[in-house]
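Letters are used for the chains, namely A, B, C, D, E and F, taken in the order the chains are written, and counting of residues starts over at 1 for each.
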């Protein structure tokens, strides 16, 4: 695969998920649970990685993740996944989380994390990300 | 608001949600339940409409929706919402659903629907979509 | 199958689902999401249709659905499905949604929709609704 | 309230819920979890009791419940709740669970249980079931 | 199996689950639904029983369960399951539910129930709990 | 607070959650999703931290987490949270995840992570973990 084709696959596998933060996913401080955010981040990373290589993949590592900007209930969040590094049988997907207020145009980035995946065959053996 | 501003808001409020179709959301025919698809379509339409006008909105109508191309488990779907008509206190959001195979590059459009929303104030009175 | 038998099957396949509308299924206007209602309507229609023909069925179309009477949190809703039209390999199921206040005897009809299903065999080929 | 009125309220508060037993609610033996059945039984009992007295009620007791007939995945179940005893501040609701095969006309009763509720005011004090 | 080994298995299969009672699992009285508690109790009993005998088991009976101490939202509950009786092909698991306030050290027992399980083979025939 | 009291609180706030890994929480490789594991780990860490300080807390950071031992469907997992470091307004909770086979006595540790929390008052200002 040429670098051009890889760049095209990276662009076309960029994946976005919008969600409303409902009160039933928030803690007493009325902000999104860290674990809920991590769950959504792995989900978008998984879809991004699958769409890049079109193979079975499994998460083998998540980076340190900081939650310095709390996301209050009644925010809208957008999670964006993008492949940023391609190894032999593994790849890294960066996930950025943006929050928007529901009722005005405020938008800023609040979380970022890296997820590492390996691609595997039916016998659970690692296989090449790119054939 | 000028038509330019409106066009910009339409573009920036375009909203995408990717999901994996897991076996536990499918029927005996092993395809996505119509009701599950409708639920997701209303969700993306709601976020699109909210992001366009940044006001409280409620669904008042969904168009006829045809499900002629079944979506099997282990597909990835993308739902894209876009504002297509703006009235005084209501607007229409078109939702298109695309499906992709998980393990090859097939992608096609399989469902389309229109959702109509009105914007309301705290006293549940309709208010202008655009001030 | 005689018309009598068909009428009996229509009567015995009439299907009812009661649900409490909890606050976590409602929007900012504090009323049931349209998408949640559509999901429940397809579910009761699916059970109704399956109980009528006792075959594998898939939704192929939902009619336009109007949500002119909002359903607030702390309502009880009843969804009633009934087969209203029988074709060769397809049938139509009408779904009516009634809401009741939890704490007084008010009850009225608030939504109505039509869902069309086809019956299919294991090879995903349409088969006769009635043998 | 006359006995007639009470009998009418018992009849009109009789409540039915149909559900499909999907594989993701079943155990290794591929039958419905007891706890899932109990959850649904309390839900239908709660709606039945609320519809009878139109007051806030809380479960204070469930009877012994036997699960001698396993309910396999791909059954349709109907839960029927009915008020069977009315005390001063409490009442008993009987719940019967019937199962049907999805693809033939078999239907039989498989579970039965009694749920006791008290009605309470905003200060959590028991109040009369019938004024 | 000696009584010693059995006692050790009973001790090592004792199973604990902590949960936060969130507002979306509570009724109007703002306390945990009885049915939600029963669901969680069967779940911890099922894990306890499985960990004791390491076989496929199914719930065949739950005892009468009393809910005399309501569990308000924003409690933390601990469910503890323990095998208390071992028959030939069945066993009884006692489940105790403790509640704690989130923001002070109050803790007391609020619910107790008995769940009976049988162990079964792939052909759904009862098999010995202990070989 | 003396070191003794702190040690006692650490011991009594140690928190355990058992879960069955059902097929509907696993990927194509039939192992638990990384994101699902992270969600459960944050949950047990949150309960552990709350039970230690009995104050409102929010996750501000998760450490790198490695998933080198996949957890297949039909495992039982135990998550154990324990406070391991106490700062002025923050604390670290270590979470260990053990997996057991359902049908034999195999048990080993498969994931470990650190979650950092701060305690906050109603005005969202950090407050002392220990008064």
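As a convention for this text, contacts are C-beta pairs under 8 Å (C-beta built on N, C-alpha and C of every residue); 3 or more make two chains touch, one makes a residue touch a chain.
Predicted model only: the values in this text are computed from it and were never measured.
> Among all other chains, pick the one whose mean CA position is farthest from the mean CA position of chain E.
Taking each chain's C-alpha mean as its centre, the farthest from chain E is B.
> Rotation angle, chain D onto chain F: superpose the C-alpha atoms of these two copies and give the value as a multiple of 5 degrees.
Going from chain D to chain F via C-alpha fit gives 120 degrees.
> Can you check whether chain B and chain C touch via the same residue numbers (shared by over half) or via different ones?
same
> Going by C-alpha centroids, which chain is farthest from chain A? Tell me that one.
So the chain farthest away from chain A turns out to be D.
> I'd like to verify one number: the distance from the centre of chain C to the centre of chain E, where each centre is the average of its C-alpha atoms, in whole angstrom.
37
> Where the CA atoms of chain E average out and where those of chain F average out, how many Å apart are those spots?
22
> Hey, how far is the Cα centre of chain A from the one of chain D, in Å?
For chain A versus chain D, the centre distance works out to 42 Å.
> Give me the residues of chain F that touch two or more other chains.
Residue numbers touching two or more other chains: 23-24, 28, 43, 46, 56, 102.
> Can the chain contact pattern be summarised as a line, a ring, a star, a complete graph, or none of these (other)?
other
> When you check every pair of chains, which ones turn out to touch?
The complete list of chain pairs in contact reads A-B, A-C, A-E, A-F, B-C, B-D, B-F, C-D, C-E, D-E, D-F, E-F.
> Can you name the residues of chain D that touch chain E in the complex?
Residue positions touching the partner: 27-29, 31, 33-36, 38-43, 46, 56-68, 70, 115, 120, 124.
> With touch defined as at the start, can you tell me which chain E residues reach chain F in the complex?
That would be residues 15-20, 43-44, 46-47, 50-51, 54-56, 76, 100-105 of chain E.
> In the complex of these two chains, what residues of chain D are touching chain F?
My answer: residues 24, 28.
> List the residues on chain D that touch chain B in their complex, please.
22-24, 74, 102
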